[in-house]
């Protein structure tokens, strides 16, 4: 039933350690998931409150559609599991990654009044699924942060419907979500969006915000 | 009597090497401690003047309440051992970590006239013990730096009493102290506070100080 | 015929992983090549769309003059293979490296109206092939980005002819190309140019752009 | 005669790889030395033009007072060997390290008209040999860069005489030199000075230069 879970857990743990090294998952922040199977729905999910720099495959949880744990773990799934599940459902994603980087935190706040960040004209955009040219405009919506997870999941669902082309979104003063067909694609998307947010943040420092 | 010291020393050394890699313990700066037992009081403490990037478990000292070494070491405990001991006593902490990062040094100076740094509205704050929402205001007191360790320990004690909710404090142009119930919690707190100080420092660059 | 390909592939993969660690090849961006033999022409080339942080020697392609794959790979050579081949031909280079760093992206845009970046007076310039003193002026041309690879290859060829002394060039909002007689020289050139671009970018932040 | 050379070479190579990782020795820049014996004079010295990220103990040269190689190497000692030897002689140093970091390059230029950088009031200063309090003023002289090595060695000698208390100096738009009784002390000094230069550079960004 959950064939492949071990291998997926191992790869999730590897991505977690790498992103922690880059400072994108400090202080047990952030979370990572990958679909193990769709019917019945099974998601490999990083547990809540663990150091992502030391995440082991054994700690990775297997959860079902309602975020309940089906693997033999005492751990607690992240409160944000509902967001992961919603994204998987809305986008048909195979993996969802959520990072807390310094630059995504800053830009999620700076561009709040515009409701999102416009990224355009960068070659790096071509790494986003379906984008074939640097002459592309990516709209990264910003959603107000909240501790009411069902409400936040609904806000995320609404944003995803309204912005069918978005490859990610920001939670204000919180972090970045992105996803992909596979874990490798989701990792690529996060790296690209983190790169572009830092590039834009640093450019605004030079040119004036 | 000091059962568990070896394992604690190993974990302290691991945290030291990781933080040195991030540039938070350069040039033998900073120090780390973890409680081995409370009665009689025994604290595992990084020695003075060693390269934290190469700290080995064997170098970790075992000290008692008055900062005297009880392990078989020629090393010298850090002058700041008194601060660690005071924090352990005042907060019931299981571990205390002290980092010298570029951003904590800068912010400890920039906000000196206000007597501390206000950090609020960031999701990352939820990683601090007892904080349940981003809608939290953390006050990180700044204490004037001094080489008179007993006097500084008293200043620290006073600050801890006055700011019962603080998860850390800054010594001006010196560094950050944070702590936790366990070494893992203290590490988490340092990572979170370092992240938030850098985020605030970089934001003030964009918005104007 | 392709003697040495295995060893070259191994070294290319090592450079790729190192540069990915520095954040210069995030999100499958960038590409790397090294000449295996000149007659008939054989180039070891990183494949398109792979994570450079996990590039293995086995994934490295062997391509010929027209960018067709001659090794037994299903992979697809990077669209930018044509640029690599052009540089090898025009410069007699033994290796070509292309990075997407935050600072090269920023400076390729900031200096666009000048058509290039002037770098002068830095000791680091001495590491560029044939440069014997810091009292050197390096002109790093900026070429407008394009998805029309044959046209872009022609623009690159034209720029290389016009600027015979250039050790690299920038594609606007895209990245840096540099090369060298050997892979080690090309790596050195990239490190130097990345260093100098970041130094200039940060200096302009302090002095005003 | 050269007992201990192997072990010293190994430690030099380790420091080189670590500093390269931090971006302080990119592109074959920088050099490192440690005294093997004083009578007759023997200095372990990194060779010219090698990638410091891959420096092996076997590549480390043994040179004599006039910078001639006495070990069985085809390599060429760095042009800057004369500076290392001068510093060892003038200061009685056991090791000399020279880094090219982005921040030391920037500050060596920004403060050129003042003839040096004043660093004061930082706890980190206490890590410099003989400094017992943060309430210390360190003067880091800036020497104009030159390719005339004997002349530059004389300028260095003059600066060292005039500033007996200095723990390092900057070559303008070139890099930082520091030293210590042992390699560990020299490494500590470099880490401290790099930290303080970056802290001051970033502070001036926030406060205005």
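When the chains are written out, they are named A, B, C and D in that same order, and each has its own residue count from 1.
Throughout what follows, a residue touches a chain if its C-beta (ideal position, glycine included) is under 8 Å from a C-beta of that chain, and two chains touch if they have at least 3 such contacts.
Please read all numbers here as calculations on a predicted model, not as lab measurements.
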Practice task
Please identify each chain that touches subunit A as well as subunit B.
Solution key: none
Problem - Type of subunit A:subunit C copy interface by residue overlap (half), same or different - result: different
Fill in the blank from the handout: In whole angstrom, the CA-centroid distance of subunit B from subunit C equals 43
Fill in the blank from the handout: Whole-angstrom distance, CA centroid of subunit C to CA centroid of subunit D, is 31
Handout entry: Two or more partner chains touched - positions in subunit C
Key = 205
Exercise for the section: State which pairs of chains touch, listing all of them. Expected result: A-B, A-C, B-D, C-D
Handout entry: In the complex, subunit B residues that touch subunit A
Key = 18, 22, 121-124, 127, 132-135, 184, 187-189, 191-192, 194-195, 198-199, 202-203, 205-207
Handout entry: Touching residues on subunit B, where the partner in the complex is subunit D
Key = 23, 26-29, 51, 53, 100, 102-103, 105-106, 109-110, 145, 147, 171, 173-175, 201, 204-205, 209
